[in-house]
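Think of it as A, B and C in the order they're written, each chain with its own count starting at 1.
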Amino acid sequence: MAKQIEVAGLDAYYGSHKAIEGISMTIEPRSVTAFIGPSGCGKSTFLRTLNRMHEVIPGARVEGKVRLEDQDLYGADVDPVSVRRTIGMVFQRPNPFPTMSIFDNVAAGLKLNGRFSRSELDGIVEDSLKGANLWNEVKDRLGKPGAGLSGGQQQRLCIARAIAVRPQVLLMDEPCSALDPISTLAIEDLISQLKQDYTIVIVTHNMQQAARVSDKTAFFNLAAQGQPGKLVEMDETSKIFTNPAEKATEDYITGRFG
Amino acid sequence: MTVQTGIQPISAARRAKDRFVQVLVYLAFALAVIPLLSVLWLVVKNGMGRFDMEFLTHSMRNIGARDAGGGAYHAIVGTLEQVLLASLIAVPIGLLTAVYLVEYGEGGRLSRTISFFVDVMTGVPSVVSGLFVLAFWILVLGMPFSGFAGALALSILMMPVVVRSAEEMLRLVPRELREASYALGVPKWRTIVKVVLPTAFTGIVTGVMLAVARVAGETAPLLLTVFITDSINVDPFNGPQMGLPLYVFDQAGRPTDTAIDRAWTGALTLILIVMLLNLVARLITWWRSPARRR
Amino acid sequence: MRRSAFRRSRGDGPFRFASTGAGVVLLAIMAAIGVFLVVKAVPALQANTSHFLTELTWQPNATKPVFGIAALAFGTVLSSLLALLIATPVAIGVALFISHYAPRRLASVLGYVVDLLAAVPSVVYGLWGVTFLVPFMLGPSKFLNDYLGWIPLFGGDTVVGKSMLTASLVLAIMILPIIAAISREVFLQAPKMQEEAALALGATRWEMIRMSVLPFGRPGVISAAMLGLGRAMGETIAVALIFPATFKISFQILGPSGNSIAANIANGFGEATEVGRGALIASGLVLFVITLLVNMGARFVIARRKEYARAAA
């Protein structure tokens, strides 16, 4: 089995509070992996450990191993900046840079990574916006501020911004939770297309969404409030939703709790 | 699409730029702290020599610039009286204005105008407030130079500071608290006096102390309103007084070592008073909110 | 309504009146400052035998009073702008240090240390400036004059410690904490969302600050700088001890010239006659108007920032 990301015995802390404990899993390339579980189970925290965004929060730290194709992300000589450049992220609420135009938002990451000619930049921005299914809606107003778009458009702009730097993995932290159903559908369609090129990991509260878009599903749970979250099981999405191995998973899926 | 594998390192130039800015930022902080340390060090070093009982208990009467000895008793008394009087004027007006802005203004035109001019008033140069009292109180009304005239000028500088800090504290009082009081049938003004103000009390005290600390060090308005004297005058309503900052200015302007020494000791006394006020104010704030923001 | 319990409670009226009155008193004071300065300035201006706005000399106590604001206003503006030029970059650095670089536990303590700079009374800075900084600046000033003398600002034949540059340096130190404190607050308010967006794109700390913190904080920093400018122009005692109190216009900031409106008031008040006092009041009126405009400009920028922040949220 091909592996893109391999996690072994991962714990994450906020100060002295242990948020997740003992997580091990393998994430396959060019597939969609969904994380589900009740609030506070640590699925978002875990997602943020995959591109070292967790440690941005003061006092937060991580123990354990995360490997991207046999490179340890938490190795002593690894710069978190280059990790984040390689593993992109889309957030819960759309967060375009308010002072930048649509074009500059998409180009923001590229401009960090070296010099591109104007025509190269034009090409990549167009490709990225097309990749995010946003090109047709914004091609006539690339110079306008990104903040002027609708919520769903802003989120697709953020996806375009993330894929413009050609990451290998795209992490999505509940990307549809702030969106209306139509925009949600648009994003879900987009995810299905993006997995041709990218490895996608998505955290979602919405089980139908997990069932619709993902190939694999991981269920997280926590024993009680204040306890660290743990990975209960991970399997083919169809199996998790029809015939899970664990009782807790079944209870959650069938709506008996959470 | 070309697919690269593995973690792609960022360029050395970007890393270097990041480091460079970090060094600049640390340097800026060091640069800002150096003058502070220099000032404090020199004030302590040069001020300790004359920081004695004679300095704290004697005036400068019959003491020339060349003479050793002499003290700042008259200036300390003057400063305490002037600042106290200024607070007695500024705190009630400032506090009531804050109450108006928070409780009664309701975002109307008058409250927006007042709010704007409170901000503008913060920027009134201290020398201008002194000139105003000179023009209005002394030249037009024909009142004498006095500690009270100085207090008037200081109160103008205090007012906006009191308004802003009190306003901020009053806005922190939760809405629910007010509504709980209204629900019990307590009228608005009693709610403000009995519930809102006591809740915000420590915060307001902190703000007032910071305002006092600010004006206690003001020199220019006193120069124009209190005038200068070498003798003890405990009556703030009659005749020229002295103030500690004025004393430092006066002694610093005299070209002898003994006078400069007295200026340093005056500065030390002044800094001790101001720092003490600041420290107590900060301690109150800190004690009120142990979980500070980042 | 049958019962009188619904009447407005007794006491609310007077209390409301008192608090509204206090606010109105504040407005009245601001108006009175303008009015009384004008009232006492006019007779002196009428006695003036020269043009107030263009005359350089300041001899209002003479039998034929000759005085003008030109040299003083020039000195005020030049010294304040120089101070601003020196203080703003350092203040932005200090603000960033506390908001984004210093270890979290240290940050608030270090912030307090910078605030202490603002708590030192200006007369103490004056004393420090005149006894320590003035002799100290002689060396660096000579260096600037020797090697950069071809720049008009550093040119001139005589180099002294009591110069425009030294005074500006003291002003810079005094306004730095104000600019730093306001900038720090805006930088801390920069939305975490946008900071994370930048970091997730693979931005370094500085790139993150440039992409999300600085654009957000720029209006705040601008208004902070303007407030600092206003403060520098009104600063009196510290510079009164340092300025050589001349009445000419010279861009040579290392030379023996320099004065400001505020410093001239402090230095000239003691010997002023009636016309002299009126003349000083007239100069104070000019200072009042200039600082008023600068401060109102700063407030205007802040008000626009609030609207912008609301639009971005």
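Annotations
Keep in mind that, in the parts below, contacts are C-beta pairs under 8 Å (C-beta built on N, C-alpha and C of every residue); 3 or more make two chains touch, one makes a residue touch a chain.
These figures come from a predicted structure and were not determined experimentally.
Taken as a contact graph, with one node per protein chain and an edge wherever two chains touch, the assembly is complete, since every chain touches every other chain.
Looking at which of A-C and B-C shares more C-beta pairs in contact, the answer is the pair B-C. If each chain is reduced to the centroid of its CA atoms, chain A and chain B end up 51 Å from each other. Once the centre of each chain is set as its mean CA position, chain A and chain C turn out to be 48 Å apart.
Centre-to-centre separation of chain B and chain C, using mean CA positions: 16 Å.
Shown for chain C are the residues that touch two or more other chains, namely 104, 202, 204, 207. Looking at chain B, residues 10, 14-15, 294 sit in touch with two or more other chains.
The set of chain A residues that touch two or more partner chains comprises 58, 81-82, 85-86, 112-113.
Chain B contributes residues 10, 14-15, 17-18, 21-22, 24-29, 31-33, 35-36, 38-39, 42-43, 46, 92-97, 99-101, 103-105, 110-111, 113-114, 116-129, 131-132, 134-136, 139-140, 156, 159, 163, 187-190, 192-193, 213-214, 216-220, 223-224, 245, 248-249, 252-253, 260, 263-264, 267, 270-271, 274-275, 278, 282, 292-294 to its touches with chain C in the complex. For chain A in complex with chain B, the touching residues are 58, 68-69, 71, 73, 78-79, 81-83, 85-86, 112-114, 166, 168, 197.
The part of chain B that touches chain A in the complex is made up of residues 1-11, 14-15, 294.
Those residues of chain A lying in contact with chain C across their complex are 51, 53, 56, 58-59, 81-82, 84-86, 88-89, 91, 93, 95-100, 108-109, 112-113, 147, 158, 161-162, 165.
On the chain C side of its complex with chain B, the touching residues are 8-9, 11-12, 15-16, 18-27, 29-30, 32-33, 36-37, 39-40, 89-94, 96-99, 101-102, 104, 107-108, 110, 112-114, 116-117, 119-128, 130-132, 173, 176-177, 180, 188, 202, 204-207, 209, 227, 230-231, 233-237, 240-241, 262, 265-266, 269, 277, 280-281, 284, 287-288, 291-292, 294-296, 298-299.
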